[in-house]
Each structure stands twice: as C-alpha cells, then as structure tokens.
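Heads up: the structure comes next, in structure tokens.
Labels for the chains are A, B, C and D, by order of writing; each one numbers its residues from 1.
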Amino acid sequence: MEHILSYIVFIPLVGALVVLLTPKAYQHLYKVLAIGFTGLSLLLTLYAVHMFDGGLVPQISGEANLQLVEKVEWFRLSLGSLGTFSVDYLLAADGLNISMLLLASIVLFIGAIVCWKIKEKQKAYFGLYLLLSTSVLGCFVALDFFLFYLFFEFMLLPMYFLVGLWGGPRREYAAIKFFIYTLVGSILILIVMIGLYNSVYDPVKTAELAGINGTELSIEEVQALVAEGRIEEGQLVKSFNMLYMANPANYIPGSLLERSGLSTLFGEPIRWMAFLAIFIGFAIKLPSFPFHTWLPDAHVEAPTPISVVLAGVLLKVGGYGLIRTAFAMFPDAAYHYAWLIGFLGMFSIIYGAMNALAQKDLKKLIAFSSVSHMGFVLLGLAAMTSEGISGAIYQMFSHGLISSMLFLIAGVLYDRTHNRTIEHYGGLAHQMPYYTVFVGIAFFASLGLPGFSGFIAELFVFIGAFKSSAVIGAIPAWMAIVSTLGLVLAAGYYLWTFQKMFLGKFWVKEKNWLPALKDLTIREYMVLVPLVVLIIAFGIYPGLLLNLINTGVESFVGHLTEWSK
Amino acid sequence: MIELDHLIAPEQSEYTLWVVALLTLPLLSGLISAFLKQQAPYGSSFLIGLNLVVAGFLALSLWDEPVSIRGSWFSLAGNDFTYSFFLDRLALAMSVIVNFVALLVHLFSIEYMREDPSKPRYFAYLGLFTFSMMGIVLFHNLLFMFIFWELVGLSSFLLIGFWFEKKSASLAANKAFILNRIGDLGFITGLMILYTQFQTLDLDAVKSLMAISEIEDGNWVVAFKKAGQEVMASLDGRWLSAAGIALFCGAVGKSAQFPLQVWLPDAMEGPTPVSALIHAATMVAAGVFMLARIFVLLDAQALEVVAIVGAVTAFMAAIAALSQFDIKKVLAYSTISQLGYMVLAMGVGAFSAGIFHLITHAFFKAGLFLSAGIIIHQLHHLEKGGQKFDPQDMRVMGGLRRKMPVTFFAFLLCSLALVGLPGFSGFLSKDAILLDLAVWADEKGGGFYIPEVLAFMTVVFTAFYTFRMILLVFFGEFRLAGILGRNQLENELHEGNGWLTVPAVIFALLSLSIPFGFTLNPEDSWLMQALPTPMYVVPVAYAAQSLLDIPHETFEVLHGLVNAVSIGLALAGLVLAYWVYRPGGKLQKSFIEKREPVGVFGQVSFYHWYLNALYEKIILKGILAKARGVAWFDRWIVDEAVNLLARLQVVIAYLTRWFDRVFVDGLVNLTAHSIGKVGQLTRSIQSGNIQAQILVTFIFLLTLILLLVL
Amino acid sequence: MIVLVASMQNPGGLAEQLQRLKEGLHFMLPEIGIVITIILLVVYDLLFQKNKSVGLAAILFSALSFLLVFQVLSFLPEANALPLFEGLVTHSAGANLFKIGFLLSLLVALLMAVTSRKDSLHYFDSSEVLVCLLGVLLGAFLLVMSSNLLMIYVAVELVSICSYLLTGLGKGKKKSEAAIKYLLYGAAASAVMLYGMSWLYGLTGSIDLNSDSFKIGLDYAVVVPLNIAVFMVLCGLLFKLGSFPLHVWAPDVYRATPLPTVAVFSVVPKLAALLVLLRLVAATSATHFDWQTWLGILSIGGMVVGNFSALWQDNAKRMLAYSSIAHAAFLLAGVSIMNRTGLEATVFYALAYLLMNLAAFYLIQMVENKVGSTSYEQLKGMGKKIPYVSVLLLIVMVALTGLPPTVGFNAKLYLFSAVYDEFGRSESTILLWVLLVGLLNTVVSLFYYIKIPYLLFFKEGEGNVAPGAYTIRALIPGTLLVLSVLLLFFRSDWFVDLLNSINFVL
Amino acid sequence: MLVLGALMFCSGLFVVLTKKNTIMVLIGIELMLNAANLNLVTFSRFDPQALQGQVFSLFVITVAAAEAAVALAIVVKVYKYFKTSDLDRVKSMKG
C-alpha cells in the first residue's frame, strides 16, 4: 500500500473513465459506480488515516517525517539561465492535510450518494463529478506546487459544468461568475508560483547536479554553499516543492523573493506583495469578504450534491492553501499583514452573519453563514497561535460536515416543493417531525452549540485569537472579543428561521405542496444520520481529529514563530 | 515554582462510578422516556428518584471529605484539556436539591401533563435538563461548566417552546436562548482571558495559579512551570477584573440579571412545572452557583459590579411584580428579584448567605409555582363550551381558599417564606444577606449605601406584591363566575389530587425555618456553617476586603437593627397590601376592572421599566434594519462592483475596438483634411479603407519612433 | 541567381565556388523537393483534363509526407549551423525544427481541405491553390534559413505574393477585395522594410547579418538613422507576424479565405517571421537599439488589442484571427526577453501555439462541416449533437486560454517565468508590465475562449446538423493533435530537452 | 542621391496614401521600391565587397515586377466585381 495516496486520488478518475465507457443503456449503474468509487477511495482514506502516525512531528519546511510519501521526479527542465527546475510527483500527508483529506473523502462520498436525484445527462454528470473528486482530493495531498496548481485549476472546469448544466434558473451566470472569480484568484497564485520556483532551489537535487557530492552532501551543507554563492545559478535545481519553498534557507541569494531580499516594487517589499497576491488568490476560494460574492450565487444555483461538495470541500481548499502556501512560505509577510487578515476574518464573521440575518432564501442564508464561518478560519490563522491554527483547521473540518448537512436538509425541502423561501413555510414540525429534528440538530450544530464539532472549533479560534496578542502579538485581543458577536447573530438567524419555518401553526404558501411534504425518506436518513453521528462524535471527542493534527500544527506554529520575526 | 502538569494531574477515586451515575442517570431517564411512550412519566420519575438516592448517598459519604476526580479530555498543542469533578459540600448540596426538586416536579408533572399527547417529549426534555444541570453542578472545570451551561440553555429553549404551536411560546424560547447567548459571550471572553493567562481551565488549577499570581506595576503576572520549562505569563492588570466581570456576564444571562432579565417573564410560556423546576429553583440559580464557584477569583471591581447589578435587578423586578395580573408573571418577577438578592450577596462577599438564600428560595419558590400550577390546572378544567379565559390571570380568581384549602395552605407558607417573616426559611437567608450587605455598605460607605437602600426597599415591595397575590387569588369572591355568568361555577372547582398537592405541601414544609435550624439567627443555621465563606485568592492589590476580616462585633452591633428594620418593612408591606387589596376594598375593585394599571408608576411597573420595548422595538429592530442594509450593500455594492469589473472589461473591449476601427477613421479623416488641401480626397475615406489603415499604422509607428528614439 | 551573388562576393576561381555550391545544394534538398512538387503539380494539371483532384492530392500528400519524413530523419539537434551560398542562407537545427512544424501544419491544413465539404473542390479541382500553398511553404522555408537581408526580402516577398494569390483565388467580391487590400498593405509594408534594409546596408556596408562587417558597421553607425532603419525592417516582419500594429489586414483576410488557408496563414508565415525577427534582434542586439522597450510596448499593445477585439467577435474564425494577434503579441513578449532562456521559451510557445492553433482550426473545420458555418449562432447547442468534437474543442480552448492540463499552460508558464527571470535580473519595468498585462490578458482571453464551450454545451440551439457521423479518418488527426496538446503538458520536458539540445544560431 | 531617394520614398508614400486609384497606389509603391533601389545602388559605391547593393536592387526590380503582375491580376478581378478600381468604392466588408 505504499501508493495509497495515489490510489485515493486517482480511483475516482478511473471511475470517471468507467462511467464514460459504460453505455447509456446501463445508465442506472452510473450512480452505483460513482458511489462505489468514491466509497472505495473513502475506505482507502480511512486506512491511510489509520496508518497515519499522529506522533511524528513533521518538518513544515522540509521533507522530514512526511508520511505516506510518494515522490517520483515528474520532469526536469533546464531552461538555460533559469537553471534547471524539477517538477516532482509528490504526494504526502502530514498534520496539515490529513484531516482535509479525510473530510474530502467523506463529503465526496456523501455527495455521491445524494446524486441519485440527478436524472438528465447522467453520464456527463457522474463523469464530471468523479473528475471533480479526483482534483479535489489531489489538491489536498499534492505537495508539489506544480501538481497542486494542476489539481487546483482542474477543479474549475468540472465545477463550471456541474453548476452550469445541472443548476438552477440562473445557473449560467453563477457558473461563469464562479469560473472567472476563481480564475482571477488562480492567476494571482500563478504569479507567485512563478516567483517562488524562480527563487527556490532543491538542495538535494542541486547537490546531485552540481556534482559536489562525491561524498553525499547534507542539505545544510548545500545551503551553506549556495549562501556563499559557491554554486552558480546555472547549476541550481529550481524546485516546485512546497516544503522547500517554506524554508528560507532554500531561497537563492539575491532572488526576488529571498527572505532578506530588499527587492521592492512600488516601494513595498516584493515578498509582501507576493503574499498579498497569493492571499487574495485563496481568500477568493475561501471565501472571505470582499471576495465572497460568487458564493451565494453558486450555492443557490448549484444542485444539492454540488452545493454539498462546494461548501463541504472546495471552500476548504482555500483555507488549506492559505496554510500550506501563504502562511508557510511567507511567515514574515503573514505576520506583517496578520492584523489585516484577522480583521478580514472578524469582519467576515459579522458581515456574513448580518447578511444571513436578512436572507429570505434558505440556501442563501446557509451560504452567508458559510461566509461567516469561514471568517473563523481566517481569524484563527491570523492569530498564529497553536490554538488558533488548530481551531481554524478544526473549523474547516467541522464546517465541512455541518454545511454539507445544512445543504442536504435545504435540498430535502427543495426536492419536495421546489421552493426555498423561508416565509413560505410555517409549523413544518407538525408535518415533518423527524425532518424538523434533523434541521434542529443541523442549526444548533452550526450555531456552535457545545456537543457539536462546531463549538470546539470556534472556541479554539477565539481562545487562540485572544491569546495571540499575549504570546506572538499577531492580532489584538479585541478582535477575538468582537468576533464573539458572531455567535449571537448566528443564534439569531438560525433560531428565527427555525421558528418561522418549523414552529407555530402549520401553514404553507401553496396548497399543492401538501401532498409532497412527506417526512424523510430512507435515502435521506442514510446520508443525514452518518453526518449527525460524525458531527457529534467530533464534538464530544475532539481527540479524534486533534491527535492527527496536533504535531503538525505545533511544528507549523513553531515554523511561523521562528520565521515571522 | 508550581508545576502546571501536577495541578491538572489525573485523579481517581472509588466514587467515580457513583459520580458518573449521578451525572448520566437523568440523561438516561430522558432517553428512555422517548421509548416508553405513555409510560414515560413513571419511568423517568423513577430514574430521577434513583438519582436522588445516589445524590443523597454521595452527600452523606462525602460531606466531610470532598473528592475530586480528574482526567484528560484531549490535548492540544501540549495543553491538556481536562475534565474534573469536584464534590465539595456545595456541589453535593446542589445535586441533592436539584434532584429533589426535579423528582417532585416529575411527580407533579405526571398529573399535570396527563392529557398532553407529547408527554414523552416533555419528560425527555426534563431528563436532558436535569442532566445538563448536574453537569454544571458536578464539573469543576470552566470549559465543561460552559458546555453544560449552553446545554441547559438548550433544554430551557426546548421546554419553554414545548407547546411550539403557540407562536408566543416559540418566540419566548428564542428570546431566552438568544439573551442567554449574549451573556455567554461574556463567559467565553472570561475563558479566553483565564486560558491565555493560565493555559488551563481547570478550576482548581486556575485558583491555585491565581493565588500565586501577582500585580507588578499594573501587569497581572504569573510564573509557573509547564512541561519542565518556566512560563511567565503576563497580561495587563485590567484583564484580571475583566475576567471576573466577563464570567459574571454569563451569570447575568442565566440568572436573569439586569439588563438581560427580560427573558424570564416570557419564559413563563412553558408548562408551569417547568417554570417551577427551571425558572425558579435550579437553572436560574446556576448563575449564582457559578458565581459561587468563581467567587474567589473575583477582584474588588468585579464584586462591586456584581453587587450593584444584583441590587438594581432585585429592585426593578420587585417594582415590576407589583402590578402584574398574570400570577406566573408575578412569581417570575419575584424570582428575578430574589435572584437579585443572591447575586447581591455574592457581590458583597456574603458567600454562604447567598448560597443559603439560593437553597431556601429554591424550595419556597418551587412551592409557589407548583401551587400556582395547581390553581391554573384546576381552573383550566373549568374551560368548556368554547368559554375561553386565561387561567393564569388573577382577575378571574378570588376566594379560592374555600375550594382549595391545601393549595392555599402551601401557597401561604411559601409566600411567608418569600416575604421573609421570622419562622420561615426565607427570613433566615434574607436576613443574612441584608446583614452582610449592611456591614459591607458601612465599610465602603459613600455611594455604596445605594444598594443597601434598594435592597431594603425591595423588602417592602416583596411583602406587598406577595400579599396582593394572596388576597387577589384566595380571598374575596370567585370572580370568574361573575365574568362567565355561571354562578354555580365555584362548585365545579375543586382541589387538585395528590399528585399535585403532595409536592406542593412538601415544598411548603421545607420553607419553614426548622429544616435549617430552629433559630432566628442565620449564623446558627447548620447550612450557613456548613458552607463557610472562602477567602479571595486574587492578588492583594486587586482583592476586595473579605467580610471574614471584619471583626465579628460589627455584625453583632448591626444584627438587631437589620432584623428589626427588615421585619418592620415586611409588615409595612403587608399592611399596605391589605389596605389596598382587602376584599371589597374599592381600590381592589377599580383595579380589577382596569385593563392595565394607570399612572406613570403603574405603567413603568406593569411594563417592567419598558425594557422589552427598548430591546425589541429599538435595539432588535435596529439590528434587523442594519442587517437588511448590509444585505443591500452586499447585493448592490459589493456584488455590483464585481459585475462592474466584468462590464468594465467589455467597455475596454469596446474602446479597443473603437480604437481599432473608429478611431482609425477619425484620425484618417483628420489627416485627410490636412492633406486634403493638397490632394482632393477629403470626401471619402471610410472604414475598411486600406490606405487609411496604412496611414494610421505609419503614423503610429512614427510616433513610436519619435517617442523612443528621440 | 546564386551564381551571380557568389561571383560578386569573391572573385575567386569559379571551380571551387561551384564545388561549394554543390555541397550547399545537398542541404537544400527539402526546398528543391518542394520546387519539384510544384512542377509536378503544374505538369499534372496541364496533362490531365478532368477529375484531377485525386492525382493532385496524391502527388501533394506523398510529396509532403516524404518531405516531412525526410526532415525528421535528417534532423540533427546538435548540428552546428553552417552558412551556405556565401552566407546567403544558414542551415541550422532551429530552422529545421520550424520546417517540420511548417510541413506538419500544411499537412493538417490540406487534410482539413480534404475533409471540408465546401472547399475540397476549390482546393483540388486545379493545381493553383496547391501551388500557392507550396509557394508559401517554400518562402517560409527560405525565410527561416535566410541570414541575409536580400534573402529575407526575397523570401518575405515569396510568402507574401503567394498569400495574396491564395486570398484572391476563387470567386467572390470579398476575396478580391480582401486580396487587393492585403496586397497593397503588404506591398507598402515590404517597401518600407526594403527601404529600411537599404539604409541598413548603407550604414553597415553589408547585407549579411552574420558577416563581421555588418557587426562592425553597426557599432560605428549613427544612432538615429540606424534605429529608424531597423524599425522599418521590423515593420515588414511585424506585418508577416500579423502583429500589432500591422495586424489590421488579418481579420478581413481570415474572413475572406477558407479555413484551411487561414490555418496556414495563422501559423506558417507568423512563425517564419518570428524566427527571422529573433535573428534580426540577435544581430542588432549589440546596438543602442532598445529592442526590449519597443517589443514590450508592441506586445502589450498586441495583447490588449487582440484580446479585447476578440471579445467582440460573433464568429469562431474571426475570434481565432484576433486570438492569433494576441498570441503573436505573446511571442513578441518572448522575443523581448533577449536571452537564451527567453529564446527557448519563445520557441516553445511558438510550437505549442502551432499545435493548439492547428487543432483549433481543424476542429472548427469539422464543426463547420457539420453545421455549415462558424458563426456562434450556429454553434449553439452542438455539444449534444456532436459531443466528441465538442469535448476536443473544449480542451483546445482551455489550452489556448493557457490552463492546465494542456501545453498552453506550460507555454505561458515558461514564457512568464523567463520574463520574470529577466525582470529579476534587469529590473526593467517594461518587462514587469508585460508580465502583468500578460497575466491579466489570460483572464480576459478566458471570456472569449470559454464562450465556445459555453455555446456548445449551455445554449439550446435550433441549428440542425448535417446527417452522418464523422468518419474515423476525419477524427483521427484532430484527436492526435489534441492528445499531443495534452501529452506535452505532462511531458513537456521532452520538448524542452529537445530545445535545449538544439543550438540556435541566430 | 540619398536625398533624392528619400524624396522618392516620401512622394511614393504620399501617393500610396492619397491616390484613390489602385493603379496609382501601385505606382506609388513602385516609387518607394525604386527609392530603396536608388539607395542600394548609391551605397554600393562605398561597399568594401563590391556590388552587393546593385545585386540586391536587381532582385528588387524582379520581385517588384512579379508583385506588380499579381497586383494587376487582382485589380482586374476587383474591377470585375466592383466595376471600378477606386479604392474607396471597394468595400463590401465592414469592421
């Protein structure tokens, strides 16, 4: 099983091919195939998580203690004066991405189950869905920037079509908007990527190429040699390796993005601008105010399973990207802009909540609540404390589960009445008691009630954010305190929605909905119950997740504090 | 140097299983009632009874040597997040009381909810509530207290909104939850501060670390060892007070203190036994309990805030209780005001007095609610033939003592305890509070007499509204008959059965002072002695003066005076009430006819100082309006800005195209004009004209040359 | 002619000159091959009267494929450049690489012509179109080899004249109009170029770019006239490159001519001109002439004009015309880097562009065969009717936009990396602007590239499709092209290594 | 001589730009070419290696002839369709 990560990532791709090759006559099999293949990669993921040793302390700025590593040189180009640069096929897991991998597999599997509702153009749909799965999973385990970028970009097209072809009335607008937005983001990331691999070299391969190693040179020695300029640029092997990029010692002296580099642009250090660019790139995906406007449209228009995947996993790519690239590679700039990021986080929390408070469409409300909850991620990251970072990761994970559940329940109602307007319902509890129970669970979980995973996450984000000013001084304490307002607002919009739709006298706008308003079907239980179990499990025993990420987070914070000065 | 890891080292005890049982039995009772369907009441009541036994056993066996149990929940970034139980007398007493009240309420509910189809849900909620309440009581770790704190909020939300088809009920539930949430923000902030400073939320550890922390030139510094190496945590000293006040905010929400008390009256939408259990005896007391837990961490400033808030609440609520029609509303306001007393007690440092009052209040207020419940229940039975009336409105009652003697007896005893007449439990506890308050005020002097004044005025009002209630409910003639025009109605009314009366009577008996010691001096009550006031551990520079440091004589001196004044005031209240509301008195009549009290005072009182109006009409509306504004902003500004960019691009595209085609011609025509003086082609040079294109190209290139070369 | 020049150049004994010529000729085999093919075609055309098309096609394809194979076989990356015919032309590996590209594109174009319903007659009923196409090819061949002003001029003219004819041939107002405009524009441009050349000659006293006297002359030349002269020469090349600001002819011509020809136009002369431009730049880089700024500005202008004009098109063909302007601008950006890295990045981009563009035109042709037109109106909703081709088209559009996993991404990546690298070295702002505008334009270009899949898949169209499925024969080339576009993303190192091994002599 | 060449070039350009008649435009282009030729020939006087310029000019003349031939052919074609050789009237395509 040494290729387990590859299996996890590419099994859905195989599934996509199988679906494409299965003739239309058997199209009832497509959903089975989709479920089967995503389920398979979920099983493998579980196995991988089982094999993953949370005790090992990974080195954020190097390959030490990576787990489940698969490293093959993909190709190596020598571009004249650019020197050689090598692209690796590098998949690996450490404390920062294992949780995201787990989340992605779970949500994708559940999403696949929900796909049973799709009736038209099934072949294309399931093909694209599996394609999407591969790219998403790949995003989380690829530690080579080139590979990461490949997966990252490749998410766009399937998403574009899934929203644009199977979506709601304004689907095309939403799809284009999503596409353009994300493309802008990824262009910004591309700029920085170019800058990075032009400034970073791979000490190991450099040692090989420069032929210094009749005796095997240690990384440090090579770095020393380069620092003294005893290896000329032509002999350097530029690297796309995200881990090397995170290590300031691997930056070529005098290169634009060199850590001590004084090279400035329009008066600002280029490193800082690079950080801003990559930050915006991922903040769009996250999304954070003011780059969030694609989210409500995309969510509202997307079909239920796609909303689930979008909210459950795709947003997390943004957060993960921030951790893995922006923060890990530019700790100093991150520290310099921590205030801004924290403020954006705080603002998103409240801004999203305020928006949610005013929404009439259930899905829009959930979408804006996502904006609010992703704000917690930003806040936690900006804190740059272990509590904050853990909180951020935990928040991504739990929001992945909770928002999936929220969109599922929104979908349940929509399937029955094709209407999501909150005002059009009342007292549904009489008609659909069990549905009401699940909605209640989802709402309370999402507003951060203890016992559900969301609480742990938000608590740590707060604690971390507050602590930040005392230990590292990234963001002021008041940000944490102000952000707590988000909790009240969340309680507000959820409870009022709950009260409007489910409590009081039973009443719906259109009489002809009445027959449709049956309680949950067995299928819906099948997807909802596991989610509830997970949400509660991670709520009452955080160790499940923390034991995986603790060491990673710790060394990540160590990395930040070491280099942010 | 103190080692954090030792402070939070795991501890075991042979009682662990018992504690776990104590915690989980109620949850179990909740769960099973979901399956027992119609048998739910008996099953869950039985389990609660069992739990009471457990609590009793633990109390007996651990009363003198408290046990603490601790283990690691999970660890994050090298910090262990522990769970820990601490069964000291406070916890034990509370757990006994909670289970006791819970049991009686269960029994009461068996009858009270007999007709309700969704009984199982009801008992499930009750079980959930008892479980979370026990969590607050047993856990000795701020994080866990907060968790169960919120769970209590949830169960209260569920129980208030139990009859969810009533819009008012569901709204009241929301209100309760959200206002509690606001309080909890404070709680969380408190957690943040303490965690940041001490890196643990285990109360024992926090206390011992607080004990060794010092104030160095305005900074709150603590040095301890963690995992071997020294940690030197330092925060601005103001955070120390802030921590106390922040945590207190939690109590403000939960125990309905000013300014968040408005949810409690609405919470009366819930079934009456629930009001008895949650909104009188236990949950609302949780705030006070929590204050007791963190008592030693509060510094002078925090304590002052606590005291003032308590006094203000007590006074405001008492005023509000004066003019209500709804019997439950009266009780609710009186609850708020009594809670105000307890908080005030904590504020002035009268730890044991506060707890004492908490306990006595739990009994007599529960008794009052249950008796009121009986009345409501019985009156409810009179509703027939579409003759709707509000069985909680005192204006339909009157003269009930003839038909419901037992209830009357119970109600009377509890009321006397509430008023605080000698011989009743309420007297002892309230007296203790007032005494300490007086001493505190004397020590501090100046503006700190105001709380004292408020507290003593509250005594009058308490007596007044209590007797008003009694007179309106039990004396005079049965007004409902007149209203409905059914003269024989009174004969249809009869006493509630044993399920209902027995619990009420038990509470009534418990509100006599005998159970707490046959004395007029609270000092001698065994409970007071059992729960002595602890010393503050906050750094001396910030600590308040503890009452224990005040020579005992001071108390002796003031005691007689305070006694006399309070009794006198209480009696004054009674007399006043009788004078106004005596049967057949015309003030009573005029009052009863009125739809709502007149006069500024009446209005202010009836509308509870217009707090609701302030919150709902102004603040809430404001927020919602702002939300709509934000949404508009998002839709039309932020989003449009993006679309604008997209459009802008189209515009640029248009411009380039224009440049490519139109501008060419423009330029061409221009040049054509100039050249045209020589040549004769001014007429016709149009788009697609190759010469024009060549020309423009060349002009462009020449300009480039000029720009770049020269 | 060669004799003449040779004899002019050194009054040595005639014998060894002829000897040298013989050696030279042996390197000119491909060109000679083309000429022979032309003759064959004409002769065949004259001999046979009716249904010649088969024969013509046969001759042509056999000849072309033969040449292709020959080229590939005789392709030695490491081969040093050797000047032939007294430095009139230079035989170099780089040139050969491009020649292979040209042959490839001509083949594809003719395949298009074969499969195309409308145009196959027009192409194969008589030899003239084919001859012209071969003329263009020959011109391009010579152009990429030419290292001498005279040769450049002649080759450019050869390409141009054949292009004029290709545009003009066949019936139709549009054709003739486009042709005359193209011609006048081109003639003027080349006249200017020639004038510039004459001045260059005057200033340096040599027309051989590689000769020492040329270099020395440059150093002593007076700045301003020299710059003007160079710039005038540049004009001619820009015209062939179809690049801003000498691009105005492109859209009309593209619209007037059938797709296969457009495919040739949009690739062959462009790349030939590109190589010559690279050569010119290399030759005159030593002077005060600030290539970087000029090319930078031109490329920025080209990107903006090309992309934004493309947004407005309602016809796939014209859209591709404008996009080709934009791509030319990207190439210029590459040229403006002016170092080995830039050169390789540029060549990589050029060949990637060649692949993508051919694929695009081929697929558009296939769509046109089914739909009858390339207007957006007609494309609507074809995704369902012709799914396979539509998907291929989608991939190509993604490639043209420059997103992974297609060679378009690598091309852009390397190009921008090179620009970035040079910027890091020289800190010259113009490069930064090129970089930023380039990246921005990637976003812009998405708008019109994605429009085609958008129409294909999202829109419901009433356009009806010609009956009958595609023949495998028609599908294979398109598939192969698309596959290569994908493959070169995953193994772009093969390609780059090839480029590395080549020693470009400019 | 050079000045004359420059003058010829400019006048050629002017003709190209101003005359409406296609033929005239072509003549203008001829003028420009010849200007170049003039330059070439002139310069070749200072040419260390003899006569490159003159050869060049010979080629130019040849090419120009070819070009002219093609051009005239196309002009005829245009005339067939548009019944005019006036460039301003030759426009069926917009934009």
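Observations
Please note the rule applied: contacts are C-beta pairs under 8 Å (C-beta built on N, C-alpha and C of every residue); 3 or more make two chains touch, one makes a residue touch a chain.
Note that this is a predicted model, so its numbers are computed, not measured.
Think of the whole protein's Cα atoms as having one middle point; the chain whose own Cα middle lies nearest to it is A.
For the interfaces A-B and B-C, the C-beta contact count is higher for A-B. Centre-to-centre spacing of chain A and chain B amounts to 37 Å, using the average Cα coordinate of each chain.
Here the spacing of chain B and chain C, counted between their Cα centres, is 78 Å.
Chain B and chain D have Cα centroids separated by 96 Å. Remark: chain C and chain D have CA centroids separated by 25 Å (rounded to whole angstrom). Contact of a single residue of chain C with at least two other chains is seen at positions 180-181, 184, 188, 192, 252, 447.
Counting only residues that touch two or more partner chains, chain A has 180.
Counting partner chains per residue, chain B shows two or more touched chains at residues 688, 690-691, 694, 698.
Interface residues of chain C facing chain B in the complex, by the touch rule stated above, are 180-181, 184-185, 188, 192, 223-224, 227-228, 231, 235, 245-246, 248-249, 252, 290, 293-294, 297, 304-305, 308-309, 311-312, 444, 447. On the chain C side of its complex with chain D, the touching residues are 1, 4-5, 8-10, 149-150, 153-154, 157, 161, 164-165, 168, 172-174, 176-181, 183-184, 187-188, 191-192, 194-195, 197-199, 201-202, 205-207, 213, 252, 255-256.
Listed in rising order, the residues of chain D touching chain C in the complex are 2, 5, 9, 12-13, 16, 22, 25-26, 29, 32-33, 35-37, 39-40, 42-44, 46-53, 55-56, 59-60, 63, 66-67, 70-71, 73-75, 77-78, 80-82, 87, 90-93. On the side of chain C, the complex with chain A involves touching residues 339-341, 343-345, 394, 398, 403-405, 409, 413-414, 416-418, 420-421, 424-425, 427, 432, 435, 439-440, 442-443, 446-447, 450, 454, 457-458, 490-493, 496-497, 500. Remark: chain B residues 73-78, 143, 146-148, 150-151, 154, 161, 164-167, 170-171, 173-174, 177-178, 181-182, 184-185, 188-189, 191-193, 195-197, 233-235, 623-624, 626-628, 630-631, 634, 638-639, 641-642, 646 touch chain A in the complex.
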